[in-house]
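First the structure, which I've put down as structure tokens, then a few questions once you've had a look.
Chain lettering (A, B and C) follows the sequence in which the chains are written, and residue indices restart at 1 in each chain.
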Amino acid sequence: MIETPFLVDQYCHGVLRTELGLGTFEAQLSRTEGPPAPGTTLFDTQTGFAVRRWCPPLLGLEPHCAPARYLARRRELGALEAGRRLLRGSGITTYLVDTGLPGDLTGPGEMASAGDAEAREIVRLEPLAEQVADTSGTVESFLANLAESVHGAAATAVAFTSVAGLRHGLALAPEPPGPGEVRGAAGRWLAGRRVGGALTDPVLLRHLLWNAVASGLPLQLHAGLGEPGYRADRTDPVLLTDFIRATAGLGTDLVLLHGYPYHRHTAHLAGVFPHVYADSGAALVRTGARAATVLAEILELAPFGKILFSTGAHGLPELHVIGARLFREALSRVLGGWVAEGAWVRADAQRVARLIAADNARRVYGLG
Amino acid sequence: MIETPFLVDQYCHGVLRTELGLGTFEAQLSRTEGPPAPGTTLFDTQTGFAVRRWCPPLLGLEPHCAPARYLARRRELGALEAGRRLLRGSGITTYLVDTGLPGDLTGPGEMASAGDAEAREIVRLEPLAEQVADTSGTVESFLANLAESVHGAAATAVAFTSVAGLRHGLALAPEPPGPGEVRGAAGRWLAGRRVGGALTDPVLLRHLLWNAVASGLPLQLHAGLGEPGYRADRTDPVLLTDFIRATAGLGTDLVLLHGYPYHRHTAHLAGVFPHVYADSGAALVRTGARAATVLAEILELAPFGKILFSTGAHGLPELHVIGARLFREALSRVLGGWVAEGAWVRADAQRVARLIAADNARRVYGLG
Amino acid sequence: MIETPFLVDQYCHGVLRTELGLGTFEAQLSRTEGPPAPGTTLFDTQTGFAVRRWCPPLLGLEPHCAPARYLARRRELGALEAGRRLLRGSGITTYLVDTGLPGDLTGPGEMASAGDAEAREIVRLEPLAEQVADTSGTVESFLANLAESVHGAAATAVAFTSVAGLRHGLALAPEPPGPGEVRGAAGRWLAGRRVGGALTDPVLLRHLLWNAVASGLPLQLHAGLGEPGYRADRTDPVLLTDFIRATAGLGTDLVLLHGYPYHRHTAHLAGVFPHVYADSGAALVRTGARAATVLAEILELAPFGKILFSTGAHGLPELHVIGARLFREALSRVLGGWVAEGAWVRADAQRVARLIAADNARRVYGLG
């Protein structure tokens, strides 16, 4: 009933180019610190069940077929052709692709051609700084090259993204670090660092954030459930409040990614601060049959012009599919339910659905 | 099906006496730090949609009409007449009015006559102390006048309310500050203060709280999502646990206001401590079509004799209307749903509904 | 529609052997710091309403009858016979019983015979250490006897359980304390302690946890809403993240009990760490008519092979009954609803239901 002809996936990654077996596929379904517990499988999760529901029909199989059968069919088609069918079946019309993760992943151009869609690049700040460090000999050249890299990226990317909150916690000092402080931190980091070493120094993380803020591009900040290796209690987006306040009025929008299980906090911040936006994305992929409730919780406090769809998908085109399908179904159920109850009228529901699915993202990222 | 003939709004403010245009009306729909983001409007929020649903019919228009049309009709009637129609259409039979906010707001007497209802005053502690400071020359006179003011207010008010948690955070030291400590803090505050300066000193905030506790009147504490300018992570009501424990058995009830998104924590505290009560109010106004779920979450742990209805409305009589309508609809849906499922019986549901709508508040505030 | 022929209650206590009057029964319905507030009763809670729904029919009365009538019938039958009828009516086929709480409570053997079920013992670490301290003259003998007691308990118990998180907060230093540190803490504790004194020293609590980890038995950790006397903000299970990481790969499973209102955090940890499991239990007894929603929230992130049913019941066999009935009804409604919507297929729902009801517990605790 609620229709969303366009779908801008405002945060995702590319898909793996390699062929996957049952075990390597399963390992991509979830972010864990270790293999599945004995006697369990990651297919027995909301994500696994959603993949089994939505993806087999796109490859010519019945929904909910056994994982082994699905993987056999996927290998039969080959990763490239399976990916093509899946991405085209997702309904996504624009992909904004974070290219900062390692692995044999497709870039924006390949996502566009495989998915018969538009695609643009999001630049992840921390790997950018790590690459600059790999090739800079001195503190001065590192800082100059970093500034130039951020400036250069801003010319083509649609947004920056940062995982400072997952690496250090979101309770970073809100103000930009001073030049001496930055030079000191850069010196210590470069001196102790081997090629490829990860950036976790809070002064340099803040320096990066403020460089991105100065570019004027929207800045996407990871919050909520993070990567393995980090602590979820340090990623509550309300910890960002002082940084948000410090960046108010500068003309740069902040997009709070993920959020779950603190998505109500994200929605609150999007309601209070004009330059803050709430992602409705990756949480749906993780919570599957519960996606409508999670989306409804975001819709409690976030103004409808401040919510952005994404899949957060990474590695498997199946995740793009379920991110899009779960979102559309959840949106239709939640907004359609409110219309059925008489709380909303259909025209408003339809308008809000298109805002969240595509129009808000077009406005924030300046898409055509 | 579930009927609540009486409705005691145990926490609200007065309404603006001035005529409002589209922009000034919109600005009252939400608490933000800045104007709506470009391309967005605060009418596109749960609060805005709820106003458009419930209020136009009270002014003779169809539900969900466009905001400009509604505002034109409102100006045609005039703020006074529109307010009269709205308040009388809310179904609220008693207003407990916090008179401590600035602005051209109606007081309890005007609320009573406009709304054809009862009204009583709630005294906000911090502005009371600020007024006393404005007119006291010395630390000694300030402290003596403050004690007298609190004592005097207790003679006519039905409750005190404090925003100490929003100004300082709820993790205040639980015990009353000693006399020397209070004198020292008062001296520093008065010396550095200009007329009208806000009270944020934690020692004086605690001194105020304990003065209020000594009065024996119920003390309403703001928690959860607060005012702009504050940090939501410092207002989780569980941070009050030690203060709650310190005030147990003294004969003074504590009412935890708002709570959302920590309303499950509020409900827990109301379940554990005999003198703690949970507000079911302002969150419903903010979450609109989701009000039934938010109310149901409060009903998980809070004993049914410990939950109090409020609207938390401020400035717009439309907010009193939606606070009352959303509450009644949510209560009916939640309790009626449990009856339909066989989990509860109708007589219990009806009895619990009346407790929350009015009878608990009558008992706690000693209303006739 | 969803059937669970076996039900392993993976965490509960025994029932009181004494006859109960209306007041003593009511006091067992909830954990509070004080008597019910004037004008309120603990029967007016979700737990009270659930008892009135499910238990009277097991004693030959109509559902939802008045508490006084139910208590009269209970006394007429006697505590022993009423307990027999209630436990046998619960549907629980195996009880894992924490024997570490004081009071005139039945042990595993009596639970088995009264309930016509299997029963096994869970050993609570802190009372074990307190008993050892009562009978040990020196630090050396205390530490040696403690090690021996833990070792001995591991031979017959199915699990250890710890309330370190409720006594100290879950933000314990993650690593095992060194031998000198343990001896020092033990010396200070024993010197200052009277017989029966409670263990709250964080070094000794950690020493106990690591002794339990070394045994290889599953270790159940209390988190979330705790006992009166503690602070809920210190029991968020994400505070355990570093301890969880420190115990990864050692072969000992950790079971996070209760969790609510942080049960989504518990579910997240069960998803990230292979050796972590999520309890779906006591929260249902506390939230009654809301049990389906609470269970569904656990089912968002927790892999289905990592969720374990329990009642957490203590003192009243009525709590075992409602824990089991609410769980079965919630499970059927949640999983059955997903089948009805087409999100899941029936065979998967049935399989997942049996995992959570019994099979996961059998695997984790090595039950026959």
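Operating definition for what follows: a contact is a pair of C-beta atoms (placed from the backbone, for glycine too) under 8 Å apart; a residue touches a chain by one contact, two chains touch by 3 or more.
Please read these numbers as outputs of a predicted model, since none were measured by experiment.
> Determine whether subunit A and subunit C, two copies of the same sequence, contact each other through the same residue numbers or different ones, counting it as same when over half of the numbers at the interface appear on both sides.
Answer different: the two copies use largely distinct residue numbers here.
> What rotation angle takes the CA atoms of subunit B onto those of subunit C? Round to the nearest 5 degrees.
120
> Suppose each chain is reduced to the average of its Cα coordinates; what separation in Å results between subunit A and subunit C?
Once rounded, the distance between the two centres reads 37 Å.
> Which residues belonging to subunit B are in contact with no fewer than two other chains?
Residues of subunit B touching two or more partner chains: there are none.
> Using the touch definition from the top, list the residues of subunit A that touch subunit C in their complex.
Subunit A residues touching subunit C: 30-42, 44-46, 49-50, 53, 63-64, 225, 228, 231-233, 260-261, 286-290, 293-294.
> What does subunit C use to touch subunit A in their complex?
236, 238-239, 241-242, 245, 248-249, 253, 264-265, 268, 271-275, 296-297, 299-301, 303-306, 338, 341-345, 348, 352, 355, 363
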